[in-house]
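The letters A, B, C, D and E name the chains in turn, as written, and every chain counts its residues from 1.
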Amino acid sequence: MEASYIRRTKDGRIHIKSGSKGDQVVRWTLIILLVLTVVGFLLFNYTGLELGSAIAETAYNLKVMFLEPTLSHFDLGEAVYQVGITLGLAFLATIIGAIIAFFLSLMVATNLAPAWVSRIIRIFVAVIRAVPTVLWVLIFAISAGLGSEAAVLGMLFHSIAYLVKAFSEGFEEVDKGIFEALKSSGANWWHIVRSGVIPTTLTYLLSWVFLRFEINFGVAVAMGAAAGAGGIGFELFMASGFYFDLREVGFITYSILIIAFLLEVISTRLKRRYFPATSN
Amino acid sequence: MSLLKIEGLGKSYTADKQILKNVNFEIKAGEFVSIIGPSGAGKSTMLRCINRMVEFNEGKIIFNHQDVGSLNNKELRKLRTNIGMVFQHYNLVPRLTVIENVLHGRFGYKTTLQGVLGRYTEEEKERAFYLLEKLGIHEHAYKRCDQLSGGQQQRVGICRALIQEPKLILCDEPIASLDPSSSKVIMDHLKSISTEMGITCLVNLHQVEVAQHYSDHIIGLNKGEVVFRGEGSELSAEQIQKIYETNTKDLIIE
Amino acid sequence: MSLLKIEGLGKSYTADKQILKNVNFEIKAGEFVSIIGPSGAGKSTMLRCINRMVEFNEGKIIFNHQDVGSLNNKELRKLRTNIGMVFQHYNLVPRLTVIENVLHGRFGYKTTLQGVLGRYTEEEKERAFYLLEKLGIHEHAYKRCDQLSGGQQQRVGICRALIQEPKLILCDEPIASLDPSSSKVIMDHLKSISTEMGITCLVNLHQVEVAQHYSDHIIGLNKGEVVFRGEGSELSAEQIQKIYETNTKDLIIE
Amino acid sequence: MNEKAMRKSRWQTVIFLLIIIVLTYLSSAITRFNFVEGMATIPEAIGWIFSNLMVTQESMDKLPKILEKLAETIFMSIAATTIAAVISLFLGLFGSKTTKVNNFLSVFARFIASVSRNIPVVAWSLVLLLSFGQNSVTGFLALFIGTVGFLTRAFIESIDEASQSSVEALTATGATYLQIVSKAVIPQCLPQILSWVLFMVETNIRNATLVGILTGTGIGYTFDVYYKMLNYNAVALVTLCIVITVIIVDLISNYVRKVIL
Amino acid sequence: GGNDVAEVDDVIKVVWYPNESGQDIKSSREEIGRLISEATGKKVEHQLTTDYAIAIETLVNNNADFAFLGSQSYIQAQNRNDAIRTIAVRSGESGTLDDAKYYSWLAVNVDEQDKYKVNGEFSLDTIANTKFSFVSNSSTSGFKVPSSSIIAHFAQQEKYANLTEEDLMEGGPLFSQVLFGNSHQGSAVNLLTGNADVAAFCDTCVEDYVEIAEGDENTVGAVYRVKDGAAEPFNAIAGKEFTLMNATPVLNEPFVVNMDLIGQEDFDTIQNLLTSDEFANNEKIFSPEGSEQAALFTKKDKERLIAVEDEWYDPIRELSK
């Protein structure tokens, strides 16, 4: 007698997968990604590519960069100063972005704002995020002139968009009960934000801000240079594009790497020390 | 003198389902009243209509001579200040200290700016400590709330309601998440609030015996309708069955 | 005939603390043996030494005439195939179906490639369904494990151990996360495994009464030493006190 | 905590705020940033956008060419992400505490992740351009390297999170390493992994603009060409295409994430 | 576009192109700034950028007063804002406008030169379907000049009658692949490493790295060799040789100002300054030949700055039509 709960294929073999929608979607996503990858490789434009020599040359270039770093067009003090500028740009974009994103995300979180306001800002933010940072920088370089204002404002938009998404998700996870309790004691919206929302999400918000700072440092390398605000990216651009000085590129890369490592280490340390419960 | 009067109250969240139907009752100042009923009967909804955390559709609620339904925003905040609320899951802000959570009860008396800056007067702080001491948790005053046990958290919740200096306290299953001994502590405190401080208590409960033991009056709710109204001793097995639509035997298991 | 023989077993994770000290006991084929003892006594470590999930430092473990300590990698896999394991938190792969989780028990019999491709024979699948039916959860066979209740998940865990066709099943607190009624179901199943299928069971337990009720023998562990070895009925209040280093009265509360 | 401790924590907050303010001041000083001036130009910037960044009929003629380049970019991003994901999966397995093979590989995996993520994509693009020249492969590689770094870190976290418990259970059944990885670890992390991959596809399409500008490939190159010709109408059209693509990819990945998580 | 409120203020903002943004000529930039500041009594701020478009837009949108631009960029800027005017231009060795020019080259590798000859003469016809390297599409001598001569040449052939500048920016109808070196050096390296078959770049931009090996400078058929010990990026290809298949004279780059911001009075002051003898003899700006000190310009003979009218650039304007 065949028990009805066993599912079999046509040729009588027993299924072991549930075949749920989730499984199907996973499978199809994987298949589509693979197919597109293969198609991509077939369609690529390979003109001028000589893989063998290119790899050898890259290896040689990397060797020169990383094993013989030197400074020839500026000195160490200047390098530190330029790194400082890049850090400063990243910091300003992050901190201003975080403040603006905080207020915007109060208007985006569905438990704090009316649905229509939330939706409008969400769309707005999605569009802002999709516009390349270079274009933002260009726009502000044109209207504000060359300098740190253009760089910071250009980077600001993506920082805001990124943080609004992260912050509002954090806000939405705040326990409904807290809202209810505060409301029922006669608190108004600002009271609830101040005493309910901020304390429960602060560490979460801060850890996202740290992360964004790390990202912004990378962005500031490229954007500081384009916007005429200087920074280590300017030196990198000059070294590689104008002097073709790979050794200097190597030195600059090292200095960027060191800062990036430091930021990573500091932020994990801080998180572990002050915000042990950030894993929500 | 009735503090709270409910007349023909009706509420539905969606068009197809009426949660509360023509509810009528009155509560006198200083009374301890329990609402019992099966899950989904509308107990929580009932409570939340009283301080308009939920807007009701029909009928009238008169609290302290005020028509609750007709209040504007500002009056509503004032009303909520007069009505404390205690929750099953305490609903404290977990990362803040006990004392801060208690002081949240004062928001109704503050302007936005005072609240946002966290300005509390010394009297308010003294009062908070007094209440914490009264409920026996003053030594935890500077602990973060998430470091307390359930029973302790609930006492913080009660302090937060009391510091509002309310005329009425609404409790939505205050002991459902607690073990038996903590439950007793909490119920005793609530009872003493009504007897000693003269504050009216309206409490949703699941346990019939607890309701019978503590209440001056019991209201039995079933499918949004009041099916019983009387003293605990008047509650017969049949009536329990009417409220819960099930056998008394099956019920008392717990 | 002893299936498992432990001689002078010693284990320490760190140099400064000896977790197991000179443990000696023997288990006969088909026996149901419980290990009881306070938290941190080394019960879990004990169990994990037997199938070398944890490497022990001293002594000897003889399982089925094999010296467990001296096995190479391949023989170790074979050994583990012969020993099923059931965990407190079931340790299922949550996103996979029940039947897949059960079939994971066959990996010991497969080459790496067969396992990675998920090639199971029809007999194995039939057997899996047979076991699921025996434990009364066949109707959930195609559900994802995380959709089951704790008791149901534990039964899947037992099926996974059984499909290994083991000689011995090690259970690390199999009922510690379950409610009383599910616990009973699980313990009854484990008992019937040993009586009906003749598979030896070695079970870590927290509840003394449960151990007494189900076991042929009980081993009492304290601070890594065996302080009791005998039948459940032989376990006196003093001996319990010796094992748990605390008053029987305080203990039975639960 | 007593009252003293509470004061201390209040002090910590004050000090934290002070540090932020000092850092902000230092940053403004070193970069000569003027907040008020900067903010004051925003309206003008918006005005500029509306008077210059408009898609005109003339620029629409360039649409077929733009779409062709856009397709190249999309394929480039997907290919870079997929290949990177495969490599990162191995690095992730080596790097995770739960599934590490040995300490050397674990350190190695984390090192690779850190270096390839922290060297800015600008630097990679420039180096690769020098030897690979101006073609899709250069763009692909520049995206690929950054993606490996990011995904490895994300995968390590996902695999660490996937409960150790099922790994333990399968070890106890006598399963081999590969069996455990393929049947316990991967099924559990797959939704997380997939969600990261989709996120990365979207990010890469966005990054492809910058990488394209630097390496002269894909839509970024088209953007750069029009941009350098000061043909802002065409720039607007390119941007619009990128925006629409990113939003569509975002919607798709949101849907997939919702279904599988 | 542009600022609504363009007015003369007491700061003169100078924007420098990427080519002149290097650390090595910092002293030249500062010196020019210092002199302008002294002459006008206004503060001078320098702005450096790595982006050509941003540099032009800054000037066009009244965010910079003064710039040193390529002639093509100057025309582009002036098309967008009439207030952009030339103020001075560097003369040739003669000290006059007559030789105020440099050369845009089309170069091929010496070993392969025969491929580009028809009947022993270099012919542009042969560059169809080759890999071509430009400098960047905003470069005058590295893109604008060569592309217009190429288009003019091929326009006579039916197949390429509709060739546009844009077509030359990507591999397409004419070239099998188009590369951009992003600098003149880069374009030259593209050629010498074999990444490109034909490359466009300018004479002065690579003069530090190459020496004449055969023939007369700036004439078709002249062969140049990379100097031994040439600095990067030529270090790995020392000794390689290329030959010119085309050399077109290009007008020197102008200093330009935004009249809306600078006002006639300062314009005159600055023009007097720039064209003065002291300026031409300032070694921080014109470094004497053979000097170690790098500067914006090198002085071989009588080079100086000369006032110039906008019309002087009409030949380049013609190219843009």
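What to note about this one:
Note that in this section contacts are C-beta pairs under 8 Å (C-beta built on N, C-alpha and C of every residue); 3 or more make two chains touch, one makes a residue touch a chain.
By chain, UniProt protein names: A = ABC transporter permease subunit; B, C = Phosphonate ABC transporter ATP-binding protein; D = Phosphonate ABC transporter, permease protein PhnE.
Keep in mind the model is a prediction, meaning the values are calculated, not measured.
Think of each touching pair as a link: the shortest run of links from chain B to chain C has 2 of them.
Least step count on the touch graph, chain A to chain E: 1. With centres defined by CA atoms alone, the chain at the far end from chain B is E.
If each chain is reduced to the centroid of its CA atoms, chain A and chain C end up 47 Å from each other.
Note: centroid distance chain B to chain E, computed from Cα atoms, is 81 Å.
Centroids of chain A and chain B (each the mean of its C-alpha atoms) stand 46 Å apart. Contacts with at least two other chains are made by residues 1, 53, 57, 61, 177, 179, 195 of chain E. Looking at chain D, one finds that residues 44, 48, 133-135, 190-191, 227 touch two or more other chains.
Partner chain B is touched in their complex by these residues of chain A: 175, 177-178, 180-188, 190-191, 194-196, 199-200, 202-203. Across the complex, chain D meets chain C through its residues 163, 165-166, 168-176, 178-179, 182-184, 187-188, 190-191. The touching residues of chain A, counted against chain D in their complex, run 21-22, 25-26, 29-30, 33-34, 36-37, 39-41, 43-49, 53-55, 57-58, 60-62, 65, 81, 84-85, 87-89, 91-92, 95-96, 126-127, 129-135, 138-140, 142-144, 147-149, 151-153, 218, 221-222, 229-231, 233, 236-237, 240-241, 246, 249, 252-253, 256-257, 260-261, 264. Chain D meets chain A in the complex at residues 20, 23-24, 26-28, 30-35, 37-38, 41-42, 44-45, 47-49, 53, 71-72, 75-76, 78-79, 81-83, 114-115, 118-123, 126-128, 130-137, 140, 190-191, 194, 197-198, 201, 206, 209-210, 213, 217, 223, 227, 235, 239, 242-244, 246-247, 250, 256, 259-260. Residue ranges of chain A in contact with chain C, taken from their complex: 3, 5-7, 12-18, 20.
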